[in-house]
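Pasting the structures in now, so scroll down.
Consider the two complexes below, in which subunit A is the common component and subunit B and subunit C are the respective partners.
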Partner chain A sequence: MKASTGKANEWFLSLPSLMWLLILFLLPTLLIFAITFKPPDQFGGFAPGWTLHTVESLAQPNYPAIIWRTIYLSILTTVVCILMATPVGYVIARSRGKWRQILLLLVIVPFWTSFLVRIFAWKVLLHPDGAIKQALLACHIVSTDTSLLYNSGSVLLVMVYNFLPFAILPIYAAAAKFDFRLVEAAQDLGAHKFQSFMRVFIPGIWRGLITAVLMVFIPALGSYVIPDIVGGPSGEMIGNKIAQRVFVDRNLPHASGLSAFLTVAVLIPMTLVMVMQKRKQKAEPLIEEDA
Partner chain B sequence: MRRSKLPLIVTAFVILFFYLPVFVLVVNSFNAARFGGAWEGFTLAWYAKLFHHREIWASVRNTLIIAISATALSVVIGTTAALALHRYQSRLQQYHYLLIYTPLVIPEILMGIGLLLFFVAIGVPLGLFTIFLAHVTFCISYVAMVVLGRLQNFDFSVVEAALDLGADLPTVAWRILIPLLSPGIISGALLAFTLSIDDFVISFFVAGPGSTTLPIRIYSMIKHGSPPLINALSTILLVVTFLAVLISQNFMEEEQ
Partner chain C sequence: MEFENVSKRFGSIRAVADVSLAINKGEFFSLLGPSGCGKTTLLRILAGFERPDSGRVYLNGQDITHIPPNKRKVNTIFQSYALFPHLTVRENIAFGLKIEKRPRKEIDDEVGRMLALIQMEDHAHKYPDMISGGQKQRVAVARALIKRPEVLLLDEPLAALDLKLRQRMLIELDLIHDEVGITFLYVTHDQGEAMSLSDRIAVMDHGAIEQVGMPAEIYETPRTSFVAAFIGDTNFFEGQVAEMISNEYLRLAIDGFPDVICFNDKERRQGDLVYLSVRPEKIRISREKPLSNQYHNVAPAFVEDVIYQGAMTKFWVKTEDYRLAIIQQHSRFLLDEKPIRWNENVWISWHADDGFMLERYREADEDLMGLPPTHVGETANNES
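Coming up: the complex of A and B.
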């Protein structure tokens, strides 16, 4: 009796979210794969029947370059973010009381601005008439015809800017739980500063590092607005191509084909990490909920 | 203790890096120059122009309608989900957790295109309603995670005691669960509200004619419009968010 009401309560509590996400998350994700094999119709939808036409047209010669750029920009963004976030997380975790609160707030506050506004602010800064170009010109570091905007470099810069807090917070959360006496012990035993940092601190916060890598790398792969606003044609990523297929030539099957590819690209690192986590430590949530 | 100065230097640099664009943006909103390369005098003209921009106010209205309704529904669904995840350790909850967790990590563009395909496939006309459905979808996960975090130190024996003493489920929910969980529910709601107001990518994919939200309006202004107007709008948004967070922080501290 008790057990069956327990089961009923469990279903009662789980059903709303389960149904909502099955219909509006899982089903749409599966549709991405299904509609890849549908022919487009002339009204921007898809016609009945099945075809391999989209899959064949994905072998377009300009796609490999864009896919390669998407992958290397995402990897570079992740590497730069981790290299910058690790010392910052370390400093915040080592500071005490009020300072820790202030530093955390300093990291979070700029990201209370709207996502689009932050990217726009960089567009203004990097613009030929903008502050950075003028300052560099005044110091004779660049010539008048160097463009700071609309290339892979500007995309990388703005991606790092945008994703850096997502690397800092999990690294900080892991570092806050780290016992810094271990570093002191290592140094007392003769390790120098860098050695104790790399061989004691870094392994001690590996969970935070892995979360940080995922939180940066996966959204970076799907970037669309950043390359759209500061990238130009030479900074395009897969996300831009998906958006163009949807908004410019309204070919939903083609957009689905590209999205299906992106989905697979995203699932690979996710499953890898999940398997790794399962092996290292059993069933603990990946994200620090208090981060 | 021997400590390196390098981490401190990196931290100072990162904080400078974080504030540079925001600072330039706020300053430029008062700059008479159009692209802000040089200071051409103080002006409030951009704010005045903004005030008379009817399309912006229409998009603010749409944004608020969606944010309020999506927050309301996702708080209910997200909270029940968190209760289920916390209370039961079954096979079902493992899949449930996966289903709640995955939308948090996958890129927004994939959720956007998936929902667009779904709405086109079943023939729902795109508009405010489809944006609402999309926002509830991603907000559920965030609310569930926040409430789940707060549940870690929640004592369920109170609920069992009430049930043993003959209270029915609605009474338990209304008189015990909701009051005790309110700090978690409120922070979940605030997060959902903020995310809904700020969402561009997913909204852009499932928006239709006449359902322009504020981020969609800002995007088209970035693409075609006047930069100083966006600076002014961003500064106002920054002040509003800052005040909202300040108020909610005070409120939260009182709760604890």
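Coming up: the complex of A and C.
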């Protein structure tokens, strides 16, 4: 009885956000899927009737390369971000008082500057006359004809830069709740520092890691501004193609087709992660606050 | 196992101050003291989690002061048990051997043996969140013992359990100690645990060891006022030797209390200052003046408070300027004698042998015993 009223209350309270998601998120997504199967008209809209033309054209030869690049750049960004963010999260969680505040602030500080400005700043830095190129030249690490800009490398670099805080924060949040006495226990049982880190700390912050992966991988897949500014034609990602189809080609169904593809590409890893988490939750029914 | 002049500071706090201590092989040894006395730091130094600022630690004659924790033949049972939440009971116990990369078959056999020892075979597949506090404790014991340590360190392992479970785990720990026969170093603030388990106890205060001895030794012959007050309750007297009655006994003149006869085990002489500790249960309380010889101290007293404690009754009585604690097993339901109540005039007595002279006395230690505030007696007076 009580449980059912609680359930009803829950539904009632989440109704506004559910409606919001339904009207502004789910419906448009379905529309995008639908428009994929519409023929384009010459005014940038779509004509009546249904066609498979767009779906077929997605198989055109220049797409697989871009799709592949989008996926591998996103995966690489995620991997690099996680590898860098995990030690950082560990250190912040282990530091005490004032230091923890300062380190956290340093992670968040970049958000105070406009995203666009920060990306343009990278363009300046990586420019042939920029500080980084000049420094590398001086050290004879690169020659004058190597370009630091307008390739997949520059896109990867700037994406990692941009998404790193999104990986650090959830990992830190999980690490802050982690009981570091477990690391001591592992060492007590014979594990050296790295073993106790891998076998106890990493499983302990599992949820934080998964959140970090999703927080980096999904936006990375949809990146548009970063490859647009520092990528050039050889660093293009699927986001750029979608924009091109809308703004340049005025082909809404085609843009929808690419978007729909991206959505499916995001849904697959998310579903996988959710299934994995469900399984983990079944294994550990509750997280105990304190023994 | 031995500590040699070990010291450790945390900032301005001296956690361990020049401790030297030798623990015998196979012994059940307890470090007993109030929180913040340095006992856990000493244990962590032995485990390898803290480096001493000075001094050395030896295990089996080998200097282990600078050996990292994972290389020491020492395992710990943590206060919070620190079981790995992502591993099952079986995997938790197997952890130490998996790290050693032992053959799978061997690990399975050892884990099976440990599960049998702690009687947890039916719970082997469960995660730590799914088992009770007592069971977690047992898993922690098995996880440490499977490494066959030279010394098992126990950091207040029973603190998180309720009274009944604590009593049961005490017996279990004792049995496990008998079975495995290795050295146990047990850290606790609970004198009852230390008393009932230990072969020997080291009582610690402010980073230093006050006294080392067998439980009865510590309780019956405390060296300092701290030991006397921390282990059980006691009454302190401060007096001057007024008369040497014989080679063995002397009479103390006490300011604000009748003269007291006591056994002279410290070879005190005429005029020496003496601090005496008399345990509350050594003092008798009665309505009639007790029959006595010259070795009995007898004094009239006024009952200020009676605290019924089930197995016994505690009295707070006042004689001249002194307020004394007396513990008596009550016979109120067996004899037709009327029980002693508040505001009665009674007689107290104890034998000269039951007082014990302290080597060192500190007034602050009186606070350890939870003396009643002085107004309690006055309130009782007003009510009558």
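Just so it is clear, the second predicted complex is superposed on the first by the 260 of 291 C-alpha atoms of A that agree within 3 Å, B and C clash if a C-alpha of one lies under 4 Å from a C-alpha of the other, contacts with A are read in each partner's own complex, and residues count from 1 in each chain.
We take it that a residue touches a chain if its C-beta (ideal position, glycine included) is under 8 Å from a C-beta of that chain, and two chains touch if they have at least 3 such contacts.
Note that the structure is a prediction, hence the values are computed from the model and not measured.
S.K.: Output check: A:Gln195 vs subunit B and subunit C. Expected answer is one of first, second, both, neither. What do you get?
M.R.: The answer is second: A:Gln195 touches subunit C but not subunit B.
S.K.: Using the superposition on chain A described above, determine whether A:Trp206 touches subunit B (first), subunit C (second), both, or neither.
M.R.: The second partner, subunit C, only.
S.K.: Under the stated touch criterion, name the partner, subunit B or subunit C, that contacts more residues in subunit A.
M.R.: Higher number of touched subunit A residues: B.
S.K.: Considering only the touch criterion stated at the top, classify A:Ala255 as touching first (subunit B), second (subunit C), both, or neither.
M.R.: Only subunit B; A:Ala255 stays clear of subunit C.
S.K.: If we overlay the two complexes on their shared chain A, which of subunit B and subunit C does A:Leu22 touch? Say first, second, both or neither.
M.R.: Once the two structures are laid over each other on A, A:Leu22 reaches subunit B alone.
S.K.: Determine, under the contact definition given at the top, whether A:Ile75 touches first (subunit B), second (subunit C), both, or neither.
M.R.: Touch status of A:Ile75: no partner.
S.K.: Give one of first, second, both or neither to describe whether A:Leu272 is in contact with subunit B, with subunit C, with both, or with none.
M.R.: Neither subunit B nor subunit C is touched by A:Leu272.
S.K.: A:Gln187 in the overlay: touching subunit B, subunit C, both, or neither? Say first, second, both or neither.
M.R.: After superposition on chain A, A:Gln187 lies in contact with both partners, subunit B and subunit C.
S.K.: Both subunit B and subunit C touch subunit A; at which residues?
M.R.: Residues common to the subunit A contacts of subunit C and of subunit B are 184, 187, 285-287, 290, listed in rising order.
S.K.: Taking the complex as given, what residues does subunit C use to touch subunit A?
M.R.: 47-49, 68-71, 74-76, 78, 80-86, 95-96, 99-100, 127-130, 133, 136, 143-144, 147, 160
S.K.: Please output the residues of subunit A touching subunit B within their complex, sorted ascending.
M.R.: 6, 9-10, 13-14, 16-18, 20-22, 24-29, 31-32, 35, 44-46, 84, 87-88, 90-92, 103, 106-107, 109-110, 112-125, 127, 129-131, 133-134, 161, 164, 168, 184, 187, 193-194, 197, 214-215, 218-219, 221-225, 229, 239, 242-243, 246, 252, 255-256, 259, 262-263, 266, 270, 285-287, 289-290
S.K.: Can you tell me which positions in subunit B touch subunit A when the two form their complex?
M.R.: 1-4, 6-8, 10-11, 14-15, 17-22, 24-25, 28, 35-38, 76-78, 80-81, 83-84, 87-88, 90, 92-93, 96-97, 99-111, 113-118, 120-121, 133-134, 136-137, 140-141, 144-146, 148-149, 152, 169, 198, 200-201, 205, 215, 218-219, 222, 227, 230-231, 233-234, 237-238, 241-242, 245
S.K.: Which residues of subunit A touch subunit C once you look at their complex with the stated criterion?
M.R.: The contact residues of subunit A facing subunit C are 179, 181-182, 184-192, 195, 199-200, 203-204, 206, 283-288, 290-291.
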